[in-house]
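In this document, chain identifiers A, B, C, D, E, F, G and H correspond to the written order of the chains, with residue numbering beginning at 1 in each.
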Amino acid sequence: MTELSSILAKVAAGELSPAAAEPLLQPAVRDLGFATLDLDRERRCGHAEVIYCPGKTPAQVLALMQALAAAGQSAMASRASPDVAAVVRAALPEAVYHETARMLTYDSQPLPTPAGRVAVVAAGTSDLPVAEEAALVAERLGAVVDRVFDVGVAGLHRLGRQLDRLREANVLIVVAGMEGALPSVVGGLIAKPIIAVPTSVGYGTGQGGLAALLSMLNSCVAGITVVNIDNGFGAGVAAALINRLATRA
Amino acid sequence: MTELSSILAKVAAGELSPAAAEPLLQPAVRDLGFATLDLDRERRCGHAEVIYCPGKTPAQVLALMQALAAAGQSAMASRASPDVAAVVRAALPEAVYHETARMLTYDSQPLPTPAGRVAVVAAGTSDLPVAEEAALVAERLGAVVDRVFDVGVAGLHRLGRQLDRLREANVLIVVAGMEGALPSVVGGLIAKPIIAVPTSVGYGTGQGGLAALLSMLNSCVAGITVVNIDNGFGAGVAAALINRLATRA
Amino acid sequence: MTELSSILAKVAAGELSPAAAEPLLQPAVRDLGFATLDLDRERRCGHAEVIYCPGKTPAQVLALMQALAAAGQSAMASRASPDVAAVVRAALPEAVYHETARMLTYDSQPLPTPAGRVAVVAAGTSDLPVAEEAALVAERLGAVVDRVFDVGVAGLHRLGRQLDRLREANVLIVVAGMEGALPSVVGGLIAKPIIAVPTSVGYGTGQGGLAALLSMLNSCVAGITVVNIDNGFGAGVAAALINRLATRA
Amino acid sequence: MTELSSILAKVAAGELSPAAAEPLLQPAVRDLGFATLDLDRERRCGHAEVIYCPGKTPAQVLALMQALAAAGQSAMASRASPDVAAVVRAALPEAVYHETARMLTYDSQPLPTPAGRVAVVAAGTSDLPVAEEAALVAERLGAVVDRVFDVGVAGLHRLGRQLDRLREANVLIVVAGMEGALPSVVGGLIAKPIIAVPTSVGYGTGQGGLAALLSMLNSCVAGITVVNIDNGFGAGVAAALINRLATRA
Amino acid sequence: MTELSSILAKVAAGELSPAAAEPLLQPAVRDLGFATLDLDRERRCGHAEVIYCPGKTPAQVLALMQALAAAGQSAMASRASPDVAAVVRAALPEAVYHETARMLTYDSQPLPTPAGRVAVVAAGTSDLPVAEEAALVAERLGAVVDRVFDVGVAGLHRLGRQLDRLREANVLIVVAGMEGALPSVVGGLIAKPIIAVPTSVGYGTGQGGLAALLSMLNSCVAGITVVNIDNGFGAGVAAALINRLATRA
Amino acid sequence: MTELSSILAKVAAGELSPAAAEPLLQPAVRDLGFATLDLDRERRCGHAEVIYCPGKTPAQVLALMQALAAAGQSAMASRASPDVAAVVRAALPEAVYHETARMLTYDSQPLPTPAGRVAVVAAGTSDLPVAEEAALVAERLGAVVDRVFDVGVAGLHRLGRQLDRLREANVLIVVAGMEGALPSVVGGLIAKPIIAVPTSVGYGTGQGGLAALLSMLNSCVAGITVVNIDNGFGAGVAAALINRLATRA
Amino acid sequence: MTELSSILAKVAAGELSPAAAEPLLQPAVRDLGFATLDLDRERRCGHAEVIYCPGKTPAQVLALMQALAAAGQSAMASRASPDVAAVVRAALPEAVYHETARMLTYDSQPLPTPAGRVAVVAAGTSDLPVAEEAALVAERLGAVVDRVFDVGVAGLHRLGRQLDRLREANVLIVVAGMEGALPSVVGGLIAKPIIAVPTSVGYGTGQGGLAALLSMLNSCVAGITVVNIDNGFGAGVAAALINRLATRA
Amino acid sequence: MTELSSILAKVAAGELSPAAAEPLLQPAVRDLGFATLDLDRERRCGHAEVIYCPGKTPAQVLALMQALAAAGQSAMASRASPDVAAVVRAALPEAVYHETARMLTYDSQPLPTPAGRVAVVAAGTSDLPVAEEAALVAERLGAVVDRVFDVGVAGLHRLGRQLDRLREANVLIVVAGMEGALPSVVGGLIAKPIIAVPTSVGYGTGQGGLAALLSMLNSCVAGITVVNIDNGFGAGVAAALINRLATRA
């Protein structure tokens, strides 16, 4: 019997009032006028609604974080500039600004005890902001994160000496700009899910990250999946979802 | 102590001969002249080397399948045309041709008992070849596959009635062409890893699959990962790797 | 009171059985295995589900048309090749093949009496297949269609002599390839909704229709809306929806 | 008899002097040296010539607004920066600056009483400037505008609870950045004309709005029409033209 | 006094009947149903309407050529395949098919005596079809054409020995594929108008002619103008218009 | 006898010394270390070498202008910022800065008496910088320039009333951004050479001028030639070269 | 004293007749009407003019090969289809057709004794046609070629076992499609010039070779140079020129 | 016997301790936390690891230079802004900042005596920063560099007078923006390896360097190799590697 059938049967049987049934079929929101906050996101997707800062005023970011806090949910605001962070932290001092990852976070309750390992591998030092964003998100969603930075293909032995360590992870996030070859090399050596993150590090035909993105999408190694250019956030969420499968199984 | 240190120590101690140590540090290949078959792939990556047919002559595909068979490994040849299949099956009658998935397979040993569920969701009927390729690969790599086809966003209730079923999967492969919106909608409803596969179904600005690819890479739902256009094979491998985490944990 | 509240109240009051309530909340489909036909589309969107032929086998197109027919709905299959048409018409002789428009249609009931005028304007003779597709769809969805062909900007007086006629339409579909300038010129002369359809007629940098598409999206005339390249079908649907507003008001 | 024939007949009959006939065949302009203001636009297109500010000096924008005002026409200047607004309002204090919509307006006469409803639906808070531009233009051209903001596909129930309200509109403007999936979802649920507006909200492959634009052009829902990226203005004009059909019919 | 004023004055004075005035203000067309032939093109633009064959049926091409012939005008049909040519010449045996240039022509009256020189310069042998199309059109529109073929930049001395000859032309058409450098080199040596024609000769990143087109648009030599890829026709028309200035002056 | 043969014959005959022959075969340059100024350009191409300012330091621009002045040649420096202009004019006060056209000029001798008319037509006010650059260059190279601004296709009657005037020009430069339709419309009405200049005026898909460029390259009117986006300079040179043919013939 | 000065001095001194001097300043060509064969190419560039077959008729290819043969030069015709080969070899039986490399060759004299080693490394079997073209050209231009095929990054140990062999080459040509990572990996291990050749092997976003090209251009390893997609010919020429430096030094 | 076999044999024979063998199989790195410095690069690739500055903080650049210095290696930091240079030179005064080339260098030991000539040819003055970067790198890696600047194809005689000089180089780096034709012209005249460097000098369709890149990749002259846009660094390394072949042979 489907969820819908079951709810309707209970309503017909008087076990559930229409008022109690309605939110089950139509989850909660909070209407802020300029925004319709999705308070059910955490239940459905495993993490509260995320605030993407570009294009929003600092006041809007603050209002959204406060509304999540008021609903007892934790908050993450990505791509927050120092200026936005200053406005938010003035009004919500418990919020924390992670400068390299460019993220604002607020915890309504203690984070879960981390379990299961996610490796975040970066090809070069210029890729750190994206790699840190991925690492921070995976940590906040419950993973133990192992950072392995600056092991690009120009000096493969740097990666070689970390293979044993990398094999201990349930899932690997591999971050690279320029030619984006690192995920292919890692994928040829390790039989774990690999999430490739192209970065916009580069110049000329590589500027913007297109070369790295295409390189990752066209890898001769089967099984690599890819997120948008510079999308450390998404990679962190995906890795955490996979890591939970391994730790909860 | 790293793997390398440990091997060298054993060699120094006379516990391992140089001849026995060498393949540990340099895995096996088979040189076919026109190809260097990687016989160690299965050990490293969890599946034997895959034969990508386009650009190869039927004789080359056959030789590669025979070499894998001779090495006691199972074989998969992707994007095989009926003509290639005919040549291969004439010489290797145990090979099977999967027409919709455009794949040739050969089993050196019985497939493992499937465990753990992978859902393959397709937006439309025209997406079936790619969806079937993904499903077939995931099955061969050990998953139970649940096919849910033709549930695109133009009629959302078709998806709605399958949600309970989809939530039973460890990981979802979501295949869509045209505007590629289906993975975003699924991702907003289910907290499991989602692998989005854009297809080249469409015309005008969508022909080739660019619209679907960009739509998936830019999803407002965090945590969706993406493979190349029409890359059902890669999606199947990635899903199987994730599914193994859940079933082996 | 919303629709959902009202249904639940009736279930609680015993006025509606759960079995009767369920389809109201979850509309009807027909599962064909390879497809999930949306039988509710006509009610929701004003036209039955459309069959896009490329990527489908002739047998699949036929099965979908038969399923729509069995459900008492009319059917339209777009981009049907003569081969597909032959297969379908052999089994479903009442189906009609419109060669220039490349469409197969089947009428479960007589078409509505047309009301309200839609003008279909084409820049050149090579644009006719797309223009005819648009015209046929608009006609089937209830509009009187006025065809004005080959009035491109190279000879503006050809358009000039049709202005009085064009002003009688509620909405205009303007089809053009190459530089795609015709919608801008029409839009500067007539205060009616204009739907621009770029075609892939052209060569060199114009091949594929990009030049016409960009020209239409960047028109210096405000208020022109655009559909995908060669998307006569979509333009016909959009025009019919607009025309209905005018005729039903 | 065509308009041209009729005018010539009257001239021949002496009912119309050549001087009186000439403007009927060649509408009025005002030559400002750097610009040729089209004073006949309102009669032909239903709204006076619009001033697109980028690339014009503040003095040019002011001169154009003053010339429209002098001709007794209302004026709209789009994409006006605060600096341009300050220059214009210093000289023309009756002009109003709409900051979110980045528009300057001047009313030569009271706006018409609004009639007929246009819904402006936005996927996210970052899309507000474009959505507000569309809403303001539709209002000024006679529509009642209903704003429904931040109901993107990541939390579909936010849209679900607004469906009854959206169905009351004659036409819907749906604004979205990133993957641009919202118009397809709305279009699958509501049988009204839908104008999709892609925005440049996003990053990586989505920056600039290409992903959203392609997603909208390739929607699997027939009948959606699209305007240029960030073109709230055009969407507002198109919606108003359609809305007039419904209210005047 | 403008043309319009003058015509109206004559109508008012009875010197011109409305029926006689109307065609002066609205030039002649011939309506073929599927086409609206612009019979005034020759007067306005210096050459009769041109028939672009792709996308037209052979019957349509024939009907258009016959209509031009019936109106006493000469006809040119570009990009005509041998199949189209066969259909046309069967019914209109006076038509001539120029195979390399892929053009069908029909002369209603003898061509004018050629005057003034146009040089058509081609970089390589593979560029001949485009170069011949340009040459043929320029000849038919009155120019003496000098063909200088296969003088690309890989062997500059081939060009060097033709400079004196090239300087005798009023205007030069320079045709090149691949890197498209030839127009820049010619333009640095000769002070005459140069029309550059990129061709689709090439492969890899050059296939389709983009490299040649961009090279020509970005020439470091000022004063080169460019036409669409493979547009020999347009180059021939442009050269003829320029050549007429020199010969008529 | 070719130029080369003739020079060699004179050298052999002693009529020309090797030292005198050498510059005839190898024209003069001036080596500035960072630059190799082409002092022969005026003789070969009809105008002295032009200084393109971006990427050059103000000191380099000044040195180049001074070197041209020292050689008795006139100088034009394009895309000069006000800062560059200030540096140059401080050291070379006879240089003139044309602000709208962003050009620095220096006259070593009086300009020639202008002869022959070039029309510069611009679609909108935002296109003025490019149009002015074209006009200024054409004037300096000997043409009488007629400026016709802001006559875009949104209000075609603005163009219509200028047709008689435009027909007096030997050649027309037509400048347009956004959809770039104006050259096609002008080309359909006037049988003179037309040089189309796309501008980067626009936004969304039009930003950068691609839409206008493609529109012009794909015009359904044969004979329009095109220059690079925003290349008013090149259009001015090309128009002047054509105009000279008409005036010198 | 420059070459030009020296020749002129000899002419003046009567040591060289003008007729003898002219070809020194203007090298030899052979005019075939449709082509201007550069007979001086071998002297200047180290190899005779190459015939690029696409876009040429078989008769034209034959005539060019015969003309080179008549001039005592060797000939290479690239991208020759079997049909072209058949026509040529029927008339010129000494010509050899290399099927995998798609090349026709004709030797006027014995090839030079090979000296110096060029390694041609290919990532996969599908890359063989391009790799063979490169190898064949390098061999014909004097190099000893070592072929190392199917050693892509998915199984790095295949490359690892060939490193000693690869280090013996003077220059390496590395051919790869799909993600094109192999040149970066090779470049990080070997200090020799590396010429990377992207191939069009792949599908989806990789089809056409763009991903491989961008990957190679953006390599994090400095010093890799790149040729056009599928340009085995150019890579072979470049490698031969470099190899000559090493062997002649 | 391969290197691996030989090392293992020595370990087994007790001639090499495991501790001494390990670094031979796994080269040295220095772990800086945010970076994994490859101290073996110089041995493998012929130059120490290069620091690409964009995306790194000044402190990171400094730390990397100091670590290279501490390891007794020379350091090059490319694309260093004056701000980064100031931070580095404050702490490491022996570092030198090359302003035009935008490079920071530090020498741990005297540079080698230069041998063998590399020519760096630039088309225009705006290309100097890229050309200087190439020249500086080639010099530091042991070449004698000959700079030939501003000899673009608009005035070919400027190049012509330098041919004798250019032929003395072992390898040529040819730098050009805009249409990028210079390498093709040089390649048609000189039989030496040519490395083409496209620059981002230009505007409109050329901005970013795409036109120059495509022009170079599609050159009709075989044997030209290309690096990324503005990649003077890579060109310098490649030229130095080639030059070493000539000087060491």
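Basically, a contact is a pair of C-beta atoms (placed from the backbone, for glycine too) under 8 Å apart; a residue touches a chain by one contact, two chains touch by 3 or more.
From a predicted model like this one, the values you see are computed outputs, not experimental measurements.
Common neighbours of chain D and chain F under the contact definition above: C, E. Listing every chain that touches chain F and chain G alike gives E, H. Work out the mean CA point of chain B and of chain G, and you get 38 Å between them.
In this assembly, the C-alpha centroid of chain G lies 25 Å from the C-alpha centroid of chain H. Annotation: 53 Å between the Cα-based centres of chain C and chain G. Multi-chain contact residues of chain C (touching two or more other chains): 26, 44, 124, 154-155, 161, 187-189, 204-206, 210, 213, 217-218, 221, 228, 231.
A complete list of chain pairs in contact reads A-B, A-C, A-D, A-G, A-H, B-C, B-D, B-G, B-H, C-D, C-E, C-F, D-E, D-F, E-F, E-G, E-H, F-G, F-H, G-H.
Taken in their complex, chain E has these residues touching chain H: 123-124, 152-156, 178-181, 184-185, 187-189, 202, 204-206, 210-212, 214-221. Contact residues on chain A toward chain H in their complex (touch as defined above): 124-129, 149-151, 154-155, 157-158, 160-161, 177, 201, 203-207.
Those residues of chain F that touch chain E in the shared complex are 2-4, 44-47, 50, 161, 163-164, 170-171, 187-193, 195, 213, 217-218, 221-228, 231, 233-235, 237-238, 240-242, 245-249. Here chain H touches chain A in the complex through residues 26-27, 29, 32-38, 40-41, 44, 49, 52, 54-56, 60, 64, 79, 198, 200, 208-210, 213, 228-231, going by the rule given at the top.
Against chain D, in their complex, chain E makes its touches with residues 4-5, 8-9, 11-12, 14, 17-18, 21-22, 25-26.
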